[in-house]
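What follows is a set of structures for review.
First subunit A sits with subunit B, and in the next complex the same chain sits with subunit C.
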Partner chain A sequence: MESASASAQALREQIAATEARLQKLKDELAQVEASDAARYLNGLSLNGGPVTPQNGSAKWPLLNEEYQRYGRQMIVPSIGIQAGQLRLKSSSVLIIGAGGLGCPAAAYIAGAGVGTIGIVDGDTVETSNLHRQILHSTSKVGMRKAESAISYLKSLNPNPTYIAHTEHISPQNAQEIVERYDLVLDCTDNPASRYLISDVCVLLSKPLVSASALRTDGQLIVLNSPPLPPGNEAGGPCYRCVFPKPPPAESVVSCGDGGILGPVVGVMGVLQAVEAIKIIVEGKLAPSPEIQEGLKATPTSMLLFSALSPQPFRSVRLRSRRPGCFACSKDSGLSLEGLQSGSLDYVLFCGLASSANVLTPEERIEAAEYAKIREREHLLLDVREKVQFDICHLDGSINIPFSAFQGGAKAENDGKVPTWLPESLPKEAPIYVVCRLGNDSQVVTRKLKESGLDSGGKRWIGDIRGGLKAWKQQVDENWPEY
Partner chain B sequence: MSISSKASAGHFTILYFASASSYTSKDSEILQAPLPLSKLFETLEERYPGIKAKVLESCLVTVNLEYVDVTGESAGDQTIIQEGDEVAIIPPVSSG
Partner chain C sequence: MASETIPITVEFTGGLEMLFADQRKHSLSVPAKDERGQAVTVGWLVHYLCVEVMKDPRKEMFVLDGHVRPGILVLINDADWELEGEASYALQARDNILFVSTLHGG
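So, the complex of A and B:
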């Protein structure tokens, strides 16, 4: 076994070294070809004037390989070469987030021949990303996402210039990163970054293609297009115009907590690429003169995708910029200086989930301690959603999902004994609440105590600190982590 | 969950997306029309206690696929949700 795994390791290293050499050769070739083509691209304007070679040594604005590579899209009537391919080649696109949205978006943006592509991501590849983040592969687990993405994109199309920004977008670095590009794709995963990216796009007059997805649903919206200065009502609305108030932090669900179907987020990322290509090819990176004069505002819409619905696509019409918008109206409170100095705290604006420490230490138990008292009479209440409970649960636990405690559909019956409490359970037997990570369990513990289930302190109710993740770390290393 | 329902006479359809759908455990339902738009959140709060603060206040709302302002400065407008209308509650989704 050992010698087999050693020779497998040696082969893997050999393959990696050979691939690296091949990539280097491809990069060199691309550079040679690019410098050849660059001469004919000089002076090409984004709004698409006639292209004239600067000298007679070559007649064509694209390389031979590029005619073949982009031929199938260049012969689409709405694309063409002058307005289409050459504009793509001379444009630059920033993709913020190399995850479920950013991966498919980047693949099509690179495939289409956008000249410069930046990828921003501070994360590293994890196994749980691979079902949807199609630029990363099993062998890339642990690698920087921005670098993993670019190594894929280079092998797909070596022609564009790729720039890796291996950090998260922040108020401090946002201007420096975004100002180098013509167009931005928001492929991030949290409210704070969505408001930040929208604000910086407004300040720097960049059109923004924003998408999001959760479970089996997605949203797509083109913002700040046309990208007119704050106060110009003919400009496209920004994220704050559509969603002026961030959702309460505790209601924000991530893909890690709520789940995501790979092709659903894939569809949304692919649609972002479509919108980006449309903006570039239609010459809308900068506003056209008649819009600048305020003659017409372009209607904006939001596309909603619900994979399970009999009508999976719905488009809703939005209005133009919101009067009084904090970012893009004439009353804008934004400035690049304010952004740099940190006077806008996006994390604070979006709120912090308050569940971090709801309970006192006396109301919590370590997973290892709980393992020791499993023999005693008690109730273990697992408050994960049923789909998670079905994947794995501790013997003897009962499942009442967190959502069932969240008001809404089921009103609280304060003071009454809940129907899920086994009648056989002695009145003073303790109740242990567990969830995946130890946040929801605290909230539920608090609610149970407030409803009087602890009989004024006679019954101990508390949670398992760190949830089932801690159980895996402290008690059972074979516990499935999903 | 019911996927879609057709409003009968004297009713309108309301669609719940994302967290609005989780909160109500429904994708859509039928409510009584006519209903002044300004009473929409109140009506939903009665049915789903807590939904206003936890979900609705950060939502985009549309009537027949058109944006409407429920809480903003121009909320004074007298829009009435009519029989057969389709109202959508669209919370921001930020994950991806």
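So, the complex of A and C:
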């Protein structure tokens, strides 16, 4: 036995030494290749002019492996090698968000041979991401998304330089991150980051490809392209030109709340990669002098994708730069210094949904406490949308979706007994309101009490703190959480 | 003459259809003139939709402070209404008016 384990140990050491030597050789090779490519690419122009190799450079500007890897796209007439592949190789793309948009976008950007790829994401991989965030996998749950994405991309194409930014984009770090790249893809999921990213791209003159998706719909828009300085009307419009005012926070629905079909957001991410490759290959990363001089306004368009519509794709014409735009007009109120100093609060600008504590502690009950009084006469009102109620609900609960309690028309019903209230329910039997996480249930509880359903305090109305998530944690670990 | 109408198509997308009985496309016949005898405009149409078509009580998700709420694009025959005179654009027969709520998920 002892000699067997000794020889296993010897083999392990031999393998380790061989691996180290192999790695050293690979590093040496990479250095030699990089200096070859750098010598060639020095002569390369990114903004439209002809691309010519410098005298004395290597005979072939790409590695042998790269001719094979990119051959199928290089022989597409609108790509080619000079304007196409070499520009891709010498360009850098920043992908902000490694989620449902960022994952497919990054896969195609890396596959196409973009030279430097940055991924920004502060989140970690969750199981609920996997149906659409195709760079992550079951074994990567809990890992940083930026790192998980890059490990996939490296196995797809080891040639590009990958940079992981494992933090969320913020006014403080935005300049430092974005200024290292030529082009930005906004693959984030909230209005505050969309305004921030657009502002930074305007200030740093980067074209921006922005997409979003929810349920079965997607939207795609190319912004700040050409990326001319603020005040130059020939530049492409920015996010603020199209949406000068943010939507009210109550109207903003996340994928977590509204749902998302995987391939729908996938289509939008893939389209972002298409637009990015077009901008690079067409030499539009930096505007050519002719564009800068011709002060012709450049309108943009938005591509709408509705998976359920008989004509799923539709392109609509949008405006050019907005005179007086806060970000990109000559009256711009933006500056890099202002951004750094935090003078712009993007979260405040976009407003906070009022999900904080609406109710007092006396108006709420813990899930574990509620479990104990289930036998008593009461009504359990589940205010999740019907599609969620159908997935799972507690026995005996009735479903009136949150949306039915919204809106000004409610006032007309004040003082009347709602039709959904069972006639058999005694006047003083308590009503417990439950939802998924314990936010909507508070709002509904407040509305019910304001409408007089609590009979002036004789009937207790309150919500289950933390919703059905708390029910799973405190009462029933087998409860299906979706 | 007062009963003269014009046929138009109104569409909702980006989730707005949920406020309009989950119906994306509405073929409408609207009066050609408003109460004061003026040709009807897109601004008039927004009010009309709010009062006559929208059954959902969440009016503020469509119109806020008398204007189409921020975050909704209005497109007249697939062009931003800001290119067409915004609310003052006079409706023509067979116009297509599309309301798009911006999405933010990713």
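By definition in this document, the second predicted complex is superposed on the first by the 428 of 482 C-alpha atoms of A that agree within 3 Å, B and C clash if a C-alpha of one lies under 4 Å from a C-alpha of the other, contacts with A are read in each partner's own complex, and residues count from 1 in each chain.
Definition applied: a residue touches a chain if its C-beta (ideal position, glycine included) is under 8 Å from a C-beta of that chain, and two chains touch if they have at least 3 such contacts.
Source: prediction; values computed, not measured.
*Asks:* Once both complexes are superposed via subunit A, do subunit B and subunit C end up clashing or fitting?
*Replies:* Overlaying the two structures gives a clash between subunit B and subunit C.
*Asks:* Is A:G324 touching anything from subunit B or subunit C once the two structures are fitted on A? First, second, both or neither.
*Replies:* first
*Asks:* Per the contact definition in the header, classify A:T360: touching subunit B only (first), subunit C only (second), both, or neither.
*Replies:* neither
*Asks:* I'd like to know which partner A:Q311 touches here: subunit B for first, subunit C for second, both or neither.
*Replies:* first
*Asks:* In the overlay, answer first, second, both or neither for which of subunit B and subunit C A:S424 touches.
*Replies:* neither
*Asks:* Examine A:T138 and indicate which partner it touches, taking first as subunit B and second as subunit C; both and neither are also allowed.
*Replies:* Touch partners of A:T138: none, neither subunit B nor subunit C.
*Asks:* Report for A:N190: first if it touches subunit B alone, second if subunit C alone, otherwise both or neither.
*Replies:* Once the two structures are laid over each other on A, A:N190 reaches both partners.
*Asks:* Examine A:S5 and indicate which partner it touches, taking first as subunit B and second as subunit C; both and neither are also allowed.
*Replies:* In the superposed model, A:S5 contacts neither subunit B nor subunit C.
*Asks:* Looking at A:G99, would you say it contacts subunit B, subunit C, both, or neither? Reply first, second, both or neither.
*Replies:* Both partners, subunit B and subunit C.
*Asks:* Using the superposition on A, tell me which residues of subunit A are in contact with subunit B and, in the other complex, with subunit C.
*Replies:* After superposing on chain A, subunit A residues 97, 99-102, 187-191, 194, 211-214, 217-219, 242-248, 251-255, 258, 260, 265, 302, 304, 306, 309, 314-319, 403, 406-409 contact both subunit B and subunit C.
*Asks:* State the interface residues of subunit A toward subunit C in the complex, per the touch definition above.
*Replies:* 97, 99-102, 187-191, 194, 211-215, 217-219, 242-248, 250-255, 258, 260, 265, 299, 302, 304, 306, 309, 314-319, 403, 406-410
*Asks:* Going by the contact rule at the top, pick out the subunit B residues touching subunit A in the complex.
*Replies:* Checking each residue of subunit B against subunit A gives 3-4, 17-19, 22-25, 27, 48-51, 53-55, 57-58, 60, 62, 65-67, 72-74, 88, 90-96.
*Asks:* What residues on subunit A touch subunit B, complex-wise?
*Replies:* Per the touch definition, subunit A meets subunit B at residues 97, 99-102, 187-191, 194, 211-214, 217-219, 242-248, 251-255, 258, 260, 265, 268-269, 302, 304, 306, 308-311, 314-319, 322-324, 403, 406-409, 411.
*Asks:* Residue numbers of subunit C touching subunit A in their complex, please.
*Replies:* Contacts found on subunit C: 13-15, 18, 24, 56-61, 64, 69-73, 75, 78-80, 82-83, 98, 100-106.
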